[in-house]
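Encoded as structure tokens, here's the structure I'll be asking about.
Labels A, B, C, D and E are assigned to the chains in the order they are written; within every chain, residues are numbered from 1.
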Amino acid sequence: MSVDVPARSAVASPPALTKDRPLTRPRPSRATGRRRLGPGRPVRYGWAVGPVLLFALWAAGSAAGLLDPRALPAPWTVAATAGDLIADGRLQNHLLTSARRALLGLLFGVAAGVLLALVSGLSRVGEALVDGPVQIKRAIPSLALIPLLILWFGIGESMKVITIALGVFVPVYIHTHNGLRAIDNRYVELAETVRLGRTAFVRQVVLPGALPGFLLGMRFAVTAAWLALAVVEQVNATSGIGYMMELARTYGQTDVILVGLVVYGLLGLVSDGLVRLVERRTLTWRRTLAG
Amino acid sequence: MSVDVPARSAVASPPALTKDRPLTRPRPSRATGRRRLGPGRPVRYGWAVGPVLLFALWAAGSAAGLLDPRALPAPWTVAATAGDLIADGRLQNHLLTSARRALLGLLFGVAAGVLLALVSGLSRVGEALVDGPVQIKRAIPSLALIPLLILWFGIGESMKVITIALGVFVPVYIHTHNGLRAIDNRYVELAETVRLGRTAFVRQVVLPGALPGFLLGMRFAVTAAWLALAVVEQVNATSGIGYMMELARTYGQTDVILVGLVVYGLLGLVSDGLVRLVERRTLTWRRTLAG
Amino acid sequence: MASHPGRLSPAVVRIEDLVRSFDGRRVLDGLRLTIHDGEFVALLGRSGSGKSTLLRALARLDHDVRGDGLLTAPDNVSVVFQDARLLPWKRLLENVVLGLDTPDAQERGRAALAEVGLAGRERAWPVELSGGEQQRVSLARSLVREPRLLLADEPFGALDALTRIRMHALLRTLCARHRPAVLLVTHDVDEAIALADRVVVLEEGRIAADLTVDLPGAHRTGGPDHARLRARLLAHLGVDLTGHEPDGGSGDETADGPRGEYEPAHERVRDTEEIPA
Amino acid sequence: MASHPGRLSPAVVRIEDLVRSFDGRRVLDGLRLTIHDGEFVALLGRSGSGKSTLLRALARLDHDVRGDGLLTAPDNVSVVFQDARLLPWKRLLENVVLGLDTPDAQERGRAALAEVGLAGRERAWPVELSGGEQQRVSLARSLVREPRLLLADEPFGALDALTRIRMHALLRTLCARHRPAVLLVTHDVDEAIALADRVVVLEEGRIAADLTVDLPGAHRTGGPDHARLRARLLAHLGVDLTGHEPDGGSGDETADGPRGEYEPAHERVRDTEEIPA
Amino acid sequence: ALDAQTTASGKDLADTKIPAEVSPDTELIVGNPSLKVALQLSGQIDKLPFKVEWANISGGPQCSEAFRAGALDVCSAAEIPSINAHWTGLDTKLVAAAFRKDPYANPIYELGIAPGAGIKSLADLRGKKIAYSPGQAQGALVLRILDKAGLGQDDVELVELASTGDVYPTALGNKQVDAAPIADVNIKRYLKNYGEQGATTLKHGLRDDPAHLWVLTDSVADPEKAAAIRELVKFWAKAQVWIDRHPDEWVEGWYVKDQGLSKEDGEYLVKRSGHPVIPADWTKAIERQQQTVDLLAKEQKHDRFDVKILFDRRFEKVGARAAAEAGGAS
């Protein structure tokens, strides 16, 4: 499991510059010697290896005839279908509609999640009121909620956005709340002694302290937004990626389903990557195992 | 938002014992004075307030005729239905089946999640291989995966357990991995200097360090297991709480649906509570905002 | 050198009968202490004797202290914690000016950082600092404020001799300017004598000694009076300088030991005492 | 008192031309140092001069040190970090015996905890300890091991005089038993002289002074030789004891100053130098 | 996107002989939960001369998913799933057909009308919002209703809404749509819940009664399995007769015990479903299905095809004969 990635060493350079030779090099792990226990430096584009490999396996399996094309169409079939869908503008349309819904839902959901997390994280009464119901909401499958949602919010756009927001707000709430609760008490004491006001406390201690948690929550929130589409776009939708998939499912159009899955996968990878980028940018102060 | 819960003060006691009078009492927050910024001590049974209030609202709304009984039957209707279902043994049966599936799925899912998180958290090659595909999996709605899962694992019990495990492993993986990566580098250095072997490092530093993350993941995992039931028990199931709800939905038995929702809610609350109990037990060493 | 001199300035801190226990173990047990306005008190005591616990109680951070006496302390307290306690997600300057909302906060913060020798590092992250640098930032943070009471828990522990001397000077300047009451925890008896008006020793949960330092400025670091005070304090801490009479150190030693220097290896440890567990 | 005495025992640590920069700022710059088997070296230096950085490099924790020289250090190193660095999720005893897999690990851990005055606290959590107690646990953790090289970064900084003396004795016992090479960072010149065979001073990224302490045991804490060595070291750190000649401290001062005591308030700060930023 | 997928080949099996004897080792996976219960209640289940694994699967999408995965041999479904299967490249056959004796009086679906929608006849649908789920039987029914009313898709507002659970009655009661096809118990519930506000239902006057045994072509192409399926069709036909003759046992055993409905609901459903007919001649059925295909091909832009390839007429007489033996109508 141990991998020893050489420290980014100086490139071969004229003798005068050999001063930059790394002096302690992580050594291959031997039973006796000291070994490096952390994961080492990030591999460049390492994140792409898995997905590319997965794709390669799929392509190879299809080409070798190991995969039943009725069950799992070959990548080129899927690509062709995607091409058709794009050519007649359908895929873009679906994506655009879905993206609008997802973004709106994300917006409201994140706002609600953070707000409720603050209410519940900073006061015991708030916690008593908010936390339980959130746990209940979280435990109820959204599929089962659809009739109730229709009842309360109709079948229009607002119902869809609300449902997405409901899906989004849960991970944001839980993670932010957990992040809040995990802030070292020593910092709270510090804030008290420098006489931070409550808002300043929230802004300067609570929010940055809970930021890692919040960002982890965001990683779930973005996918939750896309996932919620699969449910809400079953209701009175005429476009959207979820609608496209639902339709394909009732018809059993495996290739369209796969186009949808690939799109979902890409959306997931991209939005997760975005959140991670923000994570790296805003959490520069962390000196953690990730290095 | 600020609540000042009095420090658990000594009960009224004979003069000789007044030594135990708390000397610094958190004061009501005033603009000028010092205030307590942390949330204060946990309120006993505070967690129950929200759910109880929710229930009270539901009951009051139903009694006052504000809630449409067609959409949201009154608590007593639901209770009566639940009573019937319990009397003829059906509810217990469904629950038992579901619990078996959920537990099995949980078991495999958690094992897989932790293992993969270790592989991916401790080595860059592991990360390159594992992380991307997990993100993709996570981004794909399980509803949309069902056709593929049926394809690969048939329509029997194993397919159901696998689907649940797939739903469970994602949050366990992400949170454990995140927990791993958030372990302070200083502890890794320490482990290196006391020459911990790799397994000892994992056992003594990595796992306990990632425990808070893992437990947060578990909170999502347990609900994920229950939620997955709603999806998998639509496929070739003859019992189970998800099957019960699906059946009730096709026949429009709103009261049975609500019994299902309530059961889901209770299951969510209880399993979340269990994980939190474990959290409190195992994380005694943390001195955090939660206090 | 009598303890508790009658003073006229009002009391800033007044503690009577303070009790604090952890899991039944009484760390502070009926402690009494009064600190007057503008007074500089040094607090000595063994490791684990409860110094930090006392400071936390005074800063009103500890809501589990009990007793039937009273505990008054001003609201406007500034604390230098034993750990530097910098917010890891804020850069140095932001850490220093935390909670300061005067318009010149930034400038003052910059000046304070410069005073502790960290000019130009305003935008560094706390993790990038050496131990002593972190401690200095924490000091700077309390220097930019104007507290009525300054509680400092070993603020110079991780500093080299030169930097320490500079920090002493800095603290003196601050005290001269705003005249806050100061309670300074230190392990360095010389430091205590050099800086404080009064030195108190915490032992077994109470103030076991309370000595006024009324040496004239020039004699704060030498001379027989100084040596006597020093020996007495060290004796309270269990270190016997005399080398001859294992004296409990109860008052009027004469000029002692060969030279009364701080001589770690020669100093005798009273064998009857154990390090507090 | 010549630097670098010819020795026969083999070198445990050999560093030539070590460079370490942070964001372009060179903290260690062509540093050379050799430590022989069983040698006790004290490392002095201003706050931020790079002492901890050097220790990290020696412990092979820093994979970004560069240079065209060499860096050899044994695998069997034990480190007392500047922060106590206790695993917060392990109780004291577990922290002490971390990574120790001999059958008597528990007993040895218990004994070590007792030696640092924490008997009976085996099952406490690190957060429940006072600053000095944490430091002692960290010390105990390195004492239960038998390293070839002990790197200790201000291990006594947060301890009171008495506890410090006991810890000195403990360290001496350990050294006598296993004879590890020791590199001890300290800010206390007296401590350095009392404990070490050799004292080196880190300045501007290099070893600026390397003095052998060849005082006989009894003179380690007094006498003119001791005072001279002490003054010289303090001068290297920028503290001038003479009060008269602002000497750079480059070699052979004679018995200096009125009494050569450690007198913080009187000691002169060389005005030409700035505290390293 | 249907054009993206090739349609099923529609393998012709007419000349493939089915062995007379069925091997007891043959195993079928059958998705027909009510058949299982009927066989249990009538004591026939142990007499099946081959092995059966019962799957609790029914309905178009679910069965085709399982077919695709090769996890199912036989399933029960109406006519639409087999049509969609053909269009999406899944080769299937219908091996048995049952209808209702008085199909217009005993329809499965009725058109639910939202309170105040003011729809009294099919012609009133013009300009109204109608719930529509392409791909589902309900969707096809809506198109057929419009066709009957002489309306095109542009003359009404089709609101795409998947018909899962009680989504349609909820949407109707909530006046989100003006009309939607609802079935069985939902009709009763809907009228009970919203009748006071003026909710009504409208009979569409179309035949929506076909019930089929639907099999994977691969299964009937396998002689061993084909023989077993032939036996299964016999048991199925006898079961239909048994159910018709034993309404009380059926209500109790199926609706109440198995499906968790009240006795009242069960009786209502038994009454609604009328009496079964198992014809020995499929010609009429094929004609009707061809019309449906033609309509769907036009409205949903699929390729027209000849539905004969969906019917495995080797089994045409099997069901009717067995039913007659059991004394049922044909």
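To be clear about the criterion, a contact is a pair of C-beta atoms (placed from the backbone, for glycine too) under 8 Å apart; a residue touches a chain by one contact, two chains touch by 3 or more.
Computed from a predicted model, the values in this text were never measured in an experiment.
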Target chain D, source chain B, minimum contact steps: 1
Chain C and chain B - chains in contact with each: A, D
Most extensive contact between chains (C-beta pair count): A-B
Distance between chain centroids, defined by C-alpha means - chain A, chain B (Å): 19
Chain centre separation in whole Å, for chain E relative to chain D (CA means): 86
Rounded Å distance, chain C centre to chain D centre (Cα mean): 25
Approximate Å spacing (C-alpha centroids) for the pair chain B, chain E: 41
Residues of chain C engaged with two or more neighbouring chains: 60, 75, 83
For chain B, residues contacting two or more additional chains: 34, 36, 71, 147, 151, 186, 191-192, 195-196, 205, 249, 286-287
Contacts with 2+ other chains: residues of chain E: 65, 68-69, 164-166, 170
Of chain D, residues touching chain C in the complex: 22, 44-48, 51-53, 82-83, 116-121, 128-133, 136, 153-154, 157-166, 168, 187, 189-191, 194, 220-222, 234, 237-239, 258-259, 261-267, 269, 273-277
For the chain A and chain C complex, residues of the former touching the latter: 186-187, 189-196, 200, 204-205, 208-209, 211, 283-287
Complex interface listing, chain A residues touching chain B: 1-3, 5, 29, 34-43, 46-51, 53-54, 68, 71-72, 118-119, 121-133, 135-136, 138-141, 143-144, 147-148, 151, 171, 174-175, 178, 180-186, 188, 191-192, 195-196, 198, 201, 205, 212, 216, 219-220, 223, 226-227, 229-231, 242, 245, 249, 252, 254, 257, 260-261, 264-265, 267-269, 271-272, 286-291
Complex contact set, residues of chain D against chain B: 56, 59-61, 75-79, 81, 83, 85, 87-90, 98-101, 125-127, 141, 145
In the complex with chain A, residue positions of chain E that touch it: 1-5, 60-61, 64-65, 68-69, 84-85, 87-90, 133-136, 159-162, 164-167, 170-171, 174, 176-177
